[in-house]
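Notes follow the structure.
Per-chain residue numbering starts at 1, and chain names A, B, C and D are given in the order in which the chains are listed.
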Amino acid sequence: MPAELKKLKENTGKRSKKVKAIYPDSIHMAIADGLSYNDFNIKIATLDEPEHGLTVDLLDETDVLIWWGHCAHAEVKDEIVKRVHDRVMEGIGMIVLHSGYYSKIFKTLMGTSCSLKYRVNDDKQLIWNIEPSHQITQGIGDYIKLPKEEMYGERFDIPTPDKTLFIGWFEGGKVFRSGCCFQRGHGRSHHKVNPEYFDIPDWRRKMSLL
Amino acid sequence: MPAELKKLKENTGKRSKKVKAIYPDSIHMAIADGLSYNDFNIKIATLDEPEHGLTVDLLDETDVLIWWGHCAHAEVKDEIVKRVHDRVMEGIGMIVLHSGYYSKIFKTLMGTSCSLKYRVNDDKQLIWNIEPSHQITQGIGDYIKLPKEEMYGERFDIPTPDKTLFIGWFEGGKVFRSGCCFQRGHGRSHHKVNPEYFDIPDWRRKMSLL
Amino acid sequence: MPAELKKLKENTGKRSKKVKAIYPDSIHMAIADGLSYNDFNIKIATLDEPEHGLTVDLLDETDVLIWWGHCAHAEVKDEIVKRVHDRVMEGIGMIVLHSGYYSKIFKTLMGTSCSLKYRVNDDKQLIWNIEPSHQITQGIGDYIKLPKEEMYGERFDIPTPDKTLFIGWFEGGKVFRSGCCFQRGHGRSHHKVNPEYFDIPDWRRKMSLL
Amino acid sequence: MPAELKKLKENTGKRSKKVKAIYPDSIHMAIADGLSYNDFNIKIATLDEPEHGLTVDLLDETDVLIWWGHCAHAEVKDEIVKRVHDRVMEGIGMIVLHSGYYSKIFKTLMGTSCSLKYRVNDDKQLIWNIEPSHQITQGIGDYIKLPKEEMYGERFDIPTPDKTLFIGWFEGGKVFRSGCCFQRGHGRSHHKVNPEYFDIPDWRRKMSLL
């Protein structure tokens, strides 16, 4: 994880009882906790705040934006999506987690439908590390094992990634490009941010392994 | 040019006297003329028509869509852009010509700002063919020479192309990735259309060389 | 499969009793049979022939070269590897099958070690079609199922493919980029051969499904 | 330039009077001087030394290898090329400068002929920075200007680069992909070396601008 990561911002959907049982302090807090091993300056932004918390000022001081969303993608305002997109074009890094694959911002950045196969089931997943020398994947070994996971399967309708880091294997027979890097836009060179764009399902779990 | 190209559709902006002098029958007719060496079934759609002429029926029977636009990008309706985008996701081929680089549909497909350097000047341009074995570039030799051309220069803010076919050299000192291929979306396999997406400035002139 | 495929040439290793039981007429004949549904002009070249059968004359009239090998990679002469490599640079298509991943010609073309995980076991394999609109994969559906297959697993040490067509799922928990396209070299444009280079394990079985 | 760069090694050809006039202390010393602004631990290896100076011990402690050669590519021993290639597969970074494009090690890594257009002439060159947010190109502005330069022109027979950083414009009408990144091999993750492989003509001059 690059040293420049200073802030975490997240939009989150409405939470069911089931989710509350697993993430009592919310999913965004669980993600933030996963980053707490480092001295990142983390801030959180959620759907219900004005401008979804993604104010111009906050984005201006953001180096890496982590996005998670699930049920409420449609409620994210187009003007905020455009604002975030503009900032990615200028060079912030962005990590879109798991069900964020269907968010407006991810679809805008990809230019494709981002559809995939999907099944809510407790499949065992193995996430194979196919680029073990990449800065994101160093030191995590051959694979990450998740005992129970929602199944995401190919074909995932995305452009050919600049780099595919992870390929997921699901017990039920599916495969998935579980971690992909895409560079989009100019980059903000004076901050030395690597302007790549990551879609990394289960980053939270990976982080807990670090 | 793949044999599956059957229809040409074009949106065109408003025309100045200067343009009329060069293209008395309109730019879209000049493009259509350039394709007339073959027995493509060509149809034309322009901005001023209802739905810009890009009706559901017309798109449903289209294999390859050629797009040109200049001053009037903002006047193209978002719902029509979405309709065209959906059709590209389903598999039609699309060729975006020259100043179409700043059209809504091209920016939607790229996911980037698509900005570039620009100068209206009569620069001589040499378009170097860097992939001479690609089906688009076969038989056109090392380069295409354009005596007078508007200058487009790098950095062109696009994702890394799947394939860069042409690099342009401009007398005034600029370079430009003048022909790029991007695959986006699923493809309509039953029509055997190659679902690539081309941005080829000066295709018209190239065609006249074939 | 492009219409330009006219000849099949193959180098084969020494055959055990077990292999003879499965392929009584040799593996190269099984591959040739798989192509017989079309009117390709197929010729066969094997390791034991002078120049491994890959004479200058034969290569000169070849459009697509299919390579299979297993135990005897080291016995292939360097000068013949160079000759084949030169022809690929000039534009013939080449398909390297399965255990050919460790042949001299494949390693020469890749520039990498081409190492992978490997296990001789009767794993069930599902080969997922992740680019269903590509000309190679059209019409074969979501996946190919192989009841018993040797396991090949990631990390497969190859350059990032131009296009990954297939990702394999193995019952035992492994994944593999089972079909990849790489363009290498100039291409022989006058034959309209698509100068891509394919590594497609189980092409034979795939062909039998067509 | 990554902080992990600790050593510089170079093979150099025989030197003419003309070259001596420009580089009185040799080209390899000029390259080393260009790196002296930093506290890299630089070592030099030349063609005439035993094993060309590229001993196992030296390579084992190398993080980034910079290669320059011109007339004497054929004199580099195959076993040393293999040794260097093995080390790149294991993860050292490598920068191949200018006429090194035709070295055995570069051709081995590319898997292609690496041929290009070539002219000894004092062309003015502009090297356009088309990825200004990449860590290699940050802060050098839109372009680097070289008043007199040997012309290298397309088509440069290389695989599609992972990333094209620079495109060169030559006064005489040619263009060239002047800086390209390729990842090849596993990477040596414990050293956090970014295992990319750079072909950057005129790196020396670029360095002097930093």
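Here is the rule we use: contacts are C-beta pairs under 8 Å (C-beta built on N, C-alpha and C of every residue); 3 or more make two chains touch, one makes a residue touch a chain.
Keep in mind that what you see is a predicted model, and the values were worked out from it rather than measured.
Contact tally for A-B versus A-C: the pair with more C-beta pairs in contact is A-C. Note: centroid distance chain A to chain C, computed from Cα atoms, is 37 Å. With centres set at the average Cα position, the gap from chain A to chain B is 34 Å.
With touch defined as above, residues shared between interfaces to two or more other chains in chain A number as follows: 131-132, 155, 160, 162-163, 183, 185-186. Interchain contacts join each chain to each other chain, per the touch definition above. Residues 91, 131-135, 138-139, 162-163, 183, 185-190, 192-195 of chain A are the ones that touch chain D when the two sit in their complex. Residues of chain A touching chain C in their complex: 126, 128-132, 142, 153-156, 160, 163-164, 167-170, 173-175, 177. Residue ranges of chain A in contact with chain B, taken from their complex: 89, 108-113, 155, 157, 159-160, 162, 182-186.
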